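Input: one structure, supplied below.
The chains carry the letters A, B, C, D and E, assigned in the order they are written, with residues numbered from 1 in each.
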Amino acid sequence: MIVPLAHVLVLAVILFCLGLICTLVWRSNVIMMLIGIEIMLNAAMLVFVGGACHWGTADGQVFALMIMAMTSAEVSLALALVVYLHRRRNTVDTDEFRELQDQ
Amino acid sequence: METYLFYILAVVTVIGTILAITEKHPVHAIVHLVTSFFSLAAIFFLLAAPLIAMFEVIIYAGAVMVLFMFVIMMLDPGRTDQAGRPGLRQWLLPAILGVIILVSIGVLAAGYVTAPHTSSAITVREFAVTLFRKYGVAIEIISMQLLFAVVGALYLGRRRAP
Amino acid sequence: MKLYLELIILLPLLGGISNALLGGRLFSRRSSEFVACAVIWGSCAAALTAAYSYRSPEVVEIATWLSDFDFKAPLTLYLDPLSLSLCLMITFVCGLIHLYAVGYMRDDHCYVRFFALLNLFVAAMLTLVLAENLPLLYLGWEGVGFCSYALIGFWYSDPKNATAGRKAFIVTRIGDIGLGIAIVWMFELFGTESITRLNQMGNLLPVGIVTALGLLMLLAAMGKSAQVPLMVWLPDAMAGPTPVSAQIHAATMVTAGVYLLMRMFPLIGSSTTVSAAIAITGALTAFYGATCAVAQRDLKRILAFSTISQIGYMMLGVGSGAITAATFHLLVHAFFKALLFLGAGCVITTLHHEQDIFRMGGLRHKLPGTYWPFLAGALCLAGLPLTGGFFSKDGILSAVWRTGGMLYGGLYLVGLMTAFITAVYTMRMLLVVFGGPSTPLSHQAVDGADLTENKDKRMVSGVGPLPRIMEWPLIPLALLGLGGGLLNLPEYLGGGLLHSFLAPLTGHEPTLPHATELLLQGSAAIVALAGTATAWLRYGGQRRSLRLSEAQQPARGLQAFLREGWRVDQLYDLLFVRPYVRLATLLWQRVDEGCIDDNLDRTSTQLGRFGNMLGGLGQGRVSLSLTGMAIAAALMIAWLAWMTA
Amino acid sequence: MTATDLFIALPIILLAVGALVTLLVGAITRTTNIGIVIALAATLGAAFWLMQSPPTLPAPTLGLSAGGLSRLFGVFFCLLAAGVLCLSVAYNRERGISGEEYPSVLLFTTFGMLALASATNLLTLFLGLEAMSFGFYILVAIDLQRGVSGETGLKYLLPGALSTAFLAFGIALLYTVSGTLSLHELMQFTLTSGTPDPIALAGWGCLLAGLAFKLSLAPAHLWTPDVYQGAPAPVVAFLSGGSKAATILFLLLLLPQAVDVSALRIPLCALSLFSMMIGNCAALRQNHVRRLMAYSSIAQMGYVVLALLSGKSGGYQAAAFYAIAYGTISLAAFGAITVIERNGGGETLDDYRGVGSRQPFAAGVLALSLFALAGIPPTAGFTGKFLIFSAAIRSGEITLAVTGILLTAVSVYYYLRVVVALYFNHADNTEDTQPRSIPTAPEYAVLIAAATTILILGLWPGKLIELLSRA
Amino acid sequence: MNTSLLLTSLVFLPLAGGFLLLFMGGRAQTAKITALAIALLEAALACSTWFCQGAIPSAGAPAGFFLYEDFPWIEQLGIRYILGMDGISLLLVILATVVTVIAMLVSWRSITEKITLHYLLLLAMESGIIGVFLSLDLFLFYLFWELMLIPMFFLIGIWGHGRNIYSAVKFFLYTLVGSLLMLLAIIALYLIHGAQSGMYSFSLAALLGTHFSPATGLWLYAAFLLAFAVKFPIVPLHTWLPDAHTDAPTAGSVILAGLLLKTGAYGLIRFGYPLFPEAARTLTPLLIGLAVTGIIYASWIAFAQKDMKRLVAYSSVGHMGFVALGIAVWTPVALSGALLQMLNHGLTTTALFALVGMLDERAHTRQIEDYGGLWGKIPLFSVFFVLFAMASAGLPGLNNFVGEFLVLTGSFKAAHLATILAFIGVILPLVYTVRLIQELIFQKERRTLPLSDLTLREMSVLAFLALCDIYIGMHPAPLLDILKQPVALLTGGVP
């Protein structure tokens, strides 16, 4: 372990929060929201990798890999949806989609 | 040496990310993000996970980001700026929430002292054994999921009569 | 004895029930009437047999009624001189009135209801009189109340009649609160409801409690016997058919209050406060009734106020501890007041239900068969010497005198004054109704339209002559009224029959020296005569027509005040009735619906609004959905990190 | 891989193979129903296998087990899926949802649930949950004929992805602290470590936030009504019954093992309270039946959290019972809604007027399930609530229990509103224009089965309680 | 006579019969007659239990219960299926069956749509109510307690008039709020008892001996009391009742007044007081106060009513105040008076609602001001009306008097002031009763209404009730004797 685990964690938390902020802030652009989620997941991966490094077990790395795979699946579906929505409404602003709400 | 490298990379990652999320043009944001992911991959490498580092570069910085890029290009080549960057006020609440989480976990994490664990380096072989022996079903699940991502994307993307 | 007692009550009851169930369908009119009268006379015969075989007070248990743990109130009857004499009086007078009613109701097609209720009334009244325990007495008490209510409102289609019935029922029921509380209280105190046993236990209690019990019962008596301040119902009760007025509101039911007090006197009489209260109530009522009677112009209302007044005398008697005198007056009053009412009924029937005395006149010649008995009754009422009324009233007055003291002295004076007024209004009535030339009834409204309203909606089929059956019941009553004095002659004339008969009950009542007695009687006689004279001076001969023309003007001042019964009705209306009605609506709309219900509704509405607000939080924006999750996460993480660490 | 492993994995494999075969068959022939038939066969087969196979030891190489709870829930998920499939036949035909994607994605979703149910480690657990969610991302948006479908998908996908991030991060923190992903080892770690580690607790915070989304707990509930409104009715039945049950199962597998629940008491209390309050109140004046049901489900999940936080005093059994009960009720309710909407009825309360006489059967089942949701005996809902409140009182959560029960009373109001619309309000002229329509045989079967289960769980819940307490 | 499953069949016969009706969907007439036959059979069955009083109960039956059934049900939770019948239950069950028959008969013609459903619901409700009167396991009790709400909700909602939906929902919610808190209390009781004895059980007999700290007992009792008070209803929790009555169909009103209100009182007698004697004693002044307030307040309000049904509804509140008073003081005489009063109120108010329903059926108005002079038009009706109105006003010789009088006698010792106030409350019913009689029966006809006198069916119903009224009024001894033993056991009095 080259640095204390705590430092890895702090970095991960910073990334995580940045990702969260990105997701919350960019309501006008669904693509940026997805990017934010990617950042958060990367942060999670960082924690896993750090943990794996700390404990010397490969489980964390496996988990990180799985997250990666899962994310790409998710992103592809999400982007397909974005394309679909854009085709219908010609916008990527999520707040434009408000047909479903309490009357 | 490696330690310094870690901190440098960490700073690069964070700065890259900050630039990415504040950038108003998505294409630029992607570029910043790729930078950030590259340095993250390097950190993975430093943390004894070369395989993950490779995947990070290949899948994330490569495939996923390119996918994003494609979509951005496809949807909105000319009017990317129109949506505009969110105003300051919109930043407020997310920032507060982010800071709360950051400070909470960050402070805990900073004070987190662990007994130095005598860890041996994780070899690719070990990784593979863990992956296939221990988490056999996981691969099954994730492969199904990838398959259905394709199915779903196809379903959504299929052009149908209005 | 058990059989006789059972028969006394059961016969009228069965008569009433069979008339109610079968009358109009199975029974012809004649048989209906026959049954109604026969059962009463049968009951009378049973009472006579019972009297004949009566040796000593007797308790007869017929069946269980209420019985729960230590609480027992069986159907038990008690025959003692008091109840026996009342029984005899009731069955006899009611029998006559029933006969009279056959004539009176001959044109009414609702006769079934009438006779059924009349019979039921007699049954209930006899139950009241014969009851050995208080709940049973209460049963009769309420039973007569109900029958009275139903009979006052007999001609129901006129709202006024129905209202009068309602008023009677409710006002008497107010008094019943007292009786009810007294009953349960006595059970708590003595663990029994038996009248005989209760009467033996009066001295076991502190005077305060006895006083309270006595006052409660006085309250009941006030309601039932139309005493001040609960007397307002009786004048209105005259809305019923005249036989009803005669039977219920003159002879029997209204004296139930007096009867109750006499019945319970051994218990409550030990408290001087109670006695005084009873006496004061009686004297006040007597005076009140008499003054009101003077100003009335409705024949039946005069009689009603006079009834109030006479019952006041009885109460005065009870209050002075003179049970015998009170009983005596009760009996004699029953005779002559029934007689007067029946006579009045004859008059009214003849005059097409005209009740305004100032539109009558000269009936002396037209209705001799009515006139003479009526005269006898009036003499009794006025207390002219040697009539039954004279002796009985004098008995009470001398008892008051005998009690002595400031209070009773004053009461004596009041009684005497009342006797004077009584003579005045009695003679006024007699002179105005029967005296003077015979005037053709004018049907143009003279003054108060209310008087003509009483001409009710029954079909009056011609003026036909008065049926014989309506006139001859007057004769025995007149005889009894006039000769009633023989029942209880003063001591100096050899002592009273009733006095000795009631002696086991009342114990030895002290008597006055003969000279004093004579003096008192003399003064009473003088007062009565003076009253008669006053009346003659005002209404006799030529002056009668003067008064008649005066009566064309609406009443004013004192006269109006008296005619409206001291305006007590209006007062009560203002004090109780209107606030009650108002508050009922107020409670309903402001409290029940306005406060409790509306608040609940409002709460639910608010909750719904709040919910809508909560539901609107999302605004359909996915970004807010994400923010929500982030908030949850941030707060939870912060809590877990900081609070538990 | 031994024979035991195969036995344990067989249901999952069956479902996976079913999904693939459905896809293949769909590619070859365009007959719609064949896919559904295959899917039905797969689910029923898996359920059958789970029911009859003997309980076995966990299979270490696969990260799967076949314990009591897993099998019970596995059967439940399979049957639920089968029910939803039956409901979908006529509905999809009418709505023009054709193609092999629907049955195969549904199978995939069930596959995810089953994987979750039998997981022995956090990775499988996580991936199972994600696979399930992933399936739902597609399913909720599957009716592309409707304009709002895409929006529905977006509204489920974005928060879903965010919750995934939270979950992943939370699990990562747990892993960092304990160094293991295996549930069994995690439990031992928790037992030995004594006081909960702050970082682990922070991880739990992340986990709870992520799960709050899946359970639609306030304040992460905002997606629920929108998605319930936009998605096809049978999918909502599955979403409401299945995904909630799966998430509860996730918590049930994790909570007792990984953490001392008392440390999480306040956050759980808050989640429970907010959910009960917001769900019940927001539904009060809701006119859209599905949105109303969505708010109702938010509230119901609040009760489940109440059970979870009093887990040690029988709350886990109560939560498990409630998960199954609620799933069944959801199936019945949304099954009935499916039938009603399919037959040309609208989605608002006004459109439900007079349905009681037009479609007595569906209305009857809907009314029954509404009463069950309201917790009126003798229904599964009552037994569930009874168990939950017993657990809550036993663990001393009196205030929360009283609040909960009062809010239940509030909730009755909106359930009754639906019943009122069904039976009391006579539609003015729709009586003539809309003929009485008859549910199809599969719909009948599902509704009858669900209604019977609701009543049986209300009257004789002993068997299930016993199974749960043994598991 | 084998009585082993008599109680079970008593409870479930109507329900089973109701399901039988389901298969007669279209043939309304047949369904109607079948339903009546079932109800009559049930009544016969209930009456047959009268003769089981001497039966030797099965082992384990608590004292006083001559019929007793005890089977395991949900053993995992210690829930048993326990039914038992003592004198109190016996009278109430008979009342329930009788009132159901009457409810069916009075709505014989007025229900014209969804006839089968109507009778099915009536039967289902009968099952629920009888279940409440018989169950001795709190869980089972709660089950029936809630179960009887649903049919009533539908009865008001489907066949009601006016603001029927509002009323139905209000009725349901009001009662539910109370009973849900009771559910919590039941659970708490179960847990406390389980913790004390190690045996988790809902059986009343087992729970009777549970000890509480005063505060706990008070809270639990308060929850029970709330549930029962709403049903009772005790002022100020009564506001659902006028609405529910007014808007319910005749059969609904009849059952509501005749039976549902009794369940509250029954619950208090059977569960509330025995389970929490100390807490009950603590809250006795409160209950007495509310009872007396209710008597006066409701009777007073009744006077102002314009709608006949609403008037009778408020009168119900007032009458049930006497029951509450009788229970509150918990002396033998008062309690048996209260029980008798429940019965009396069941009969009298049933009759009054039936009468009002008959008028409504003919003239389609319930406003008092629309009527008048009925005596002249429909004398038979009027006779019955006056009779029952007088019974309701507490005329001695009729049934209500007996109950009220016993209650007052019994309660005087315990609460002087309250009893005196209650006596004042005795005359208030008279005030509105005579007003009602006057406006309805007396006076002149105010509007020409299509009125016809009673039919044979109606008359037989009313005659039966009238006979009951008079019989109880004049000879209540047999009923009081039946009540004696259970009441003595409950209050510790000497029979």
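Descriptive notes on the structure:
Throughout what follows, a residue touches a chain if its C-beta (ideal position, glycine included) is under 8 Å from a C-beta of that chain, and two chains touch if they have at least 3 such contacts.
This is a predicted model, so every value here is computed, not measured.
With centres taken as mean C-alpha coordinates, the chain found closest to the middle of all protein C-alpha atoms is E.
No other two chains have as many C-beta pairs in contact as A-B. Ranked by distance of CA centroids from chain C, the top chain is B.
With each centre defined as the average position of its C-alpha atoms, the distance from chain D to chain E rounds to 42 Å.
Centroids built from CA atoms put chain D at 31 Å from chain B. Centre to centre, using the average C-alpha position, chain A and chain B are separated by 6 Å. Separating the CA-averaged centres of chain C and chain D is a span of 77 Å. Shown for chain A are the residues in touch with two or more other chains, namely 5, 9, 16, 19-20, 23-24, 27, 33-34, 45, 50, 54-55, 57, 59, 62, 66, 70, 73-74, 77, 81, 84, 94, 97, 99-102. Along chain B, residues 93-94, 97, 101, 104-105, 108-109, 112, 117, 134-135, 138, 142, 145, 148-149, 152, 156 each make contact with two or more other chains. Under the contact rule stated at the top, the pairs of chains that touch are A-B, A-C, A-D, B-C, B-D, C-D, C-E, D-E.
Those residues of chain C that touch chain E in the shared complex are 20, 63-71, 135, 138-139, 141-143, 146, 149-150, 153, 156-159, 161-163, 165-166, 169-170, 173-174, 176-177, 180-181, 183-185, 187-188, 580-581, 583-585, 587-589, 592-593, 596-597, 600. Within the complex formed with chain A, the chain C residues making contact are 612, 615-616, 618-623, 626-627, 630. The touching residues of chain D, counted against chain A in their complex, run 122-123, 126-127, 130, 134, 137-138, 141, 144, 147-148, 150-155, 157-158, 161-162, 164-166, 168-169, 171-173, 175-176, 179-181, 199, 225-227, 229-230, 282, 286-288, 291. Contacts from chain C toward chain D in the complex involve residues 604, 607-612, 614-615, 617-618, 620, 622, 624-626, 628-633, 635-637, 639-641, 643-645. Here chain B touches chain D in the complex through residues 104-105, 108-109, 112, 117, 133-138, 140-142, 144-145, 147-149, 151-152, 155-156, 160, going by the rule given at the top.
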